[in-house]
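Comments concern the structure below.
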């Protein structure tokens, strides 16, 4: 009988291969499909679709901006599901899911803020305004950044997972409530001082029957709202699992 | 088997009040902070009368929320210092009773500071803050801060980063309360017709109920390991 | 509800903090009326075990039974039967000794008469300082008040976590007497300490905890001199200076 502890065989082939070859087949397909879909969607939105009469080319960024807002929500929704399930089962995999959801969601939310700001600049001459859209995006970023800071501020892993799960429930409730408040009472936010009001601008572009608008939106929406977050989250989960396996192996070696 | 809920909760509240009356730590810290905050805003904003009226709500509520954070930190730190949280957990009382007891105490402390702010700001900013509706808004808003603050402070007091983490995680969650409170206060101070702004206090009450329910459901996960 | 004769029992108790396993499949039975001294170096899991018995933390796996009730699931049924004295005082500094006791009495749903509280204060030798703020108490006095608090609701089980920490000779002797008194009154006591000779002297049974399991378990009365130190040295790799 060998005195040396064998590390379980199922991971050994993965360890040797590494890189793309180590991904599960479905992930490989998904990643490739996502990249292709992103490229197509970007082309349709940024090049193919007709230029908006009122706002010009900058309106195109909307094809990314709005779907990615929903993408962030998909990610945050996943995080909340992970959080609730963790509290119920205390199985670490749920917290890993939640962590992936929060990080990916935050990244998408930041993109949302940046694209919103880029849109704001030519429309009414300022990089920032407290209109409902930008404010919603900012609040999403701040709340989930706070969640990540909370996670980083806790050393005890069990406590970290538990507190993060609880806070992520508050986070999504807060974001939803704030969005509702801002949208049903637009007088909350001071209207833009210079240039047309943002709601009007949005309304105008939707009514224009410009060529390809429907297709651009129809294509970009599932890409940014579903494909991108799911792919990113899957990769993030794998990364986290790998990191935890390294920690486990380290502990095994040290404890012997 | 468990001690009755309200007996346990009120015992904890009474204990907090008694300890505070004796040391006056909380009220001094919060009160001094509130005074300084109001003064500093007054200097820093250097406003004419009209703009000042617009800003008063914001100054009031920002001061209240930061004062409440100070109070929450100290109130929960008292439980942690000598390991008292363990003593509370070992007692035959429900975890919710612990939450309720601390919540009421925190609410009272912040309310006292808030009520003191009203005459202070009326004088300094020359705005009619001493109105029944403002007091109602104060009650509703502070209830919101105290609710989420008690739960979040219970979290942060158990971490290594402690005091510094509470403002970071509490402010986003306090945002809906803040939004509703500030908007309602502004409308009241502008003497707007009640139909215009009555939705805000109603919204505030709904937010309070949502947060209260959430906190009661989740507190046990925060306090037990 | 209590067919199980042992008052405190653990079965295959495991406590792990993520990858660090502190208690490994610990099996333990403590009968009513025993005074158990739990020995072991720092990090051996003594405090963790006590916290598990107190219901302050939940096991990773395995079972804890107190009076037949399972912790933490049925903890509410037994909380009133457990009292704990930690090396932290668990008292409120800005209240007097009496106010502290009255507060905890209310939490335990007791309606103590002033006499009851006075008797308790006298028992721990703090009657004269009953109305002083706890903030003014010395370490020894805090310890004594802490014990009064733990005895307040007359629990079956008393848990002491390193109670001799920071006490001088006199205070230590007072504590010895209090523990002996509590033992003779029928309380079941589990005490963690790293003072071997004291443990052998006052406890009825000694356990040595090492690397997450019980390495040694014997009645205190049957210990030949030096035996405990030798065993301790074997199990923990530490030399004990007597």
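The chains carry the letters A, B and C, assigned in the order they are written, with residues numbered from 1 in each.
The working rule: contacts are C-beta pairs under 8 Å (C-beta built on N, C-alpha and C of every residue); 3 or more make two chains touch, one makes a residue touch a chain.
Worth saying up front: this structure is predicted, and the values here are computed from it rather than measured.
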Practice prompt. Considering only mean CA positions as chain centres, point out the chain farthest from subunit C.
Written response: A
Worksheet item: Could you name the chain whose CA centroid falls nearest to the centroid of all protein CA atoms?
Response: B
Discussion item. Using Cα averages as centroids, what's the distance between subunit A and subunit C in whole Å?
Written reply: 50
Fill in: Centre-of-Cα separation between subunit B and subunit A, whole angstrom
32
Fill in: Averaged-CA centre spacing for the pair subunit C and subunit B, given as whole angstrom
38
Worksheet, complete the sentence: Within subunit C, the set of residues that touch 2 or more other chains is none
Worksheet item: Can you list the subunit B residues in contact with two or more other chains?
Response: 225
Response to the item:
subunit A residues touching 2+ other chains are 158
Discussion item. With touch defined as at the start, can you tell me which subunit A residues reach subunit C in the complex?
Written reply: 156-158, 247-248, 251
Item to complete: Quick one: which bits of subunit B touch subunit C in the complex? Just the residue numbers, please.
Response: 1-4, 7-8, 11-12, 14-15, 18-20, 22-23, 78, 81-84, 86-94, 224-225
Response to the item:
Residue positions on subunit C within touch of subunit B in the complex are 54-58, 72, 76-77, 79-80, 82-84, 86, 88-95, 99, 103-104, 106-109, 133, 149
Worksheet item: Which residues of subunit C touch subunit A in the complex?
Response: 17-20
Practice prompt. Report the residues of subunit B in contact with subunit A in the complex, numbered from low to high.
Written response: 148, 151-152, 155, 158-161, 165, 168-169, 171-173, 175-176, 179-180, 183, 199, 203, 207, 210-211, 214, 218, 221-222, 225
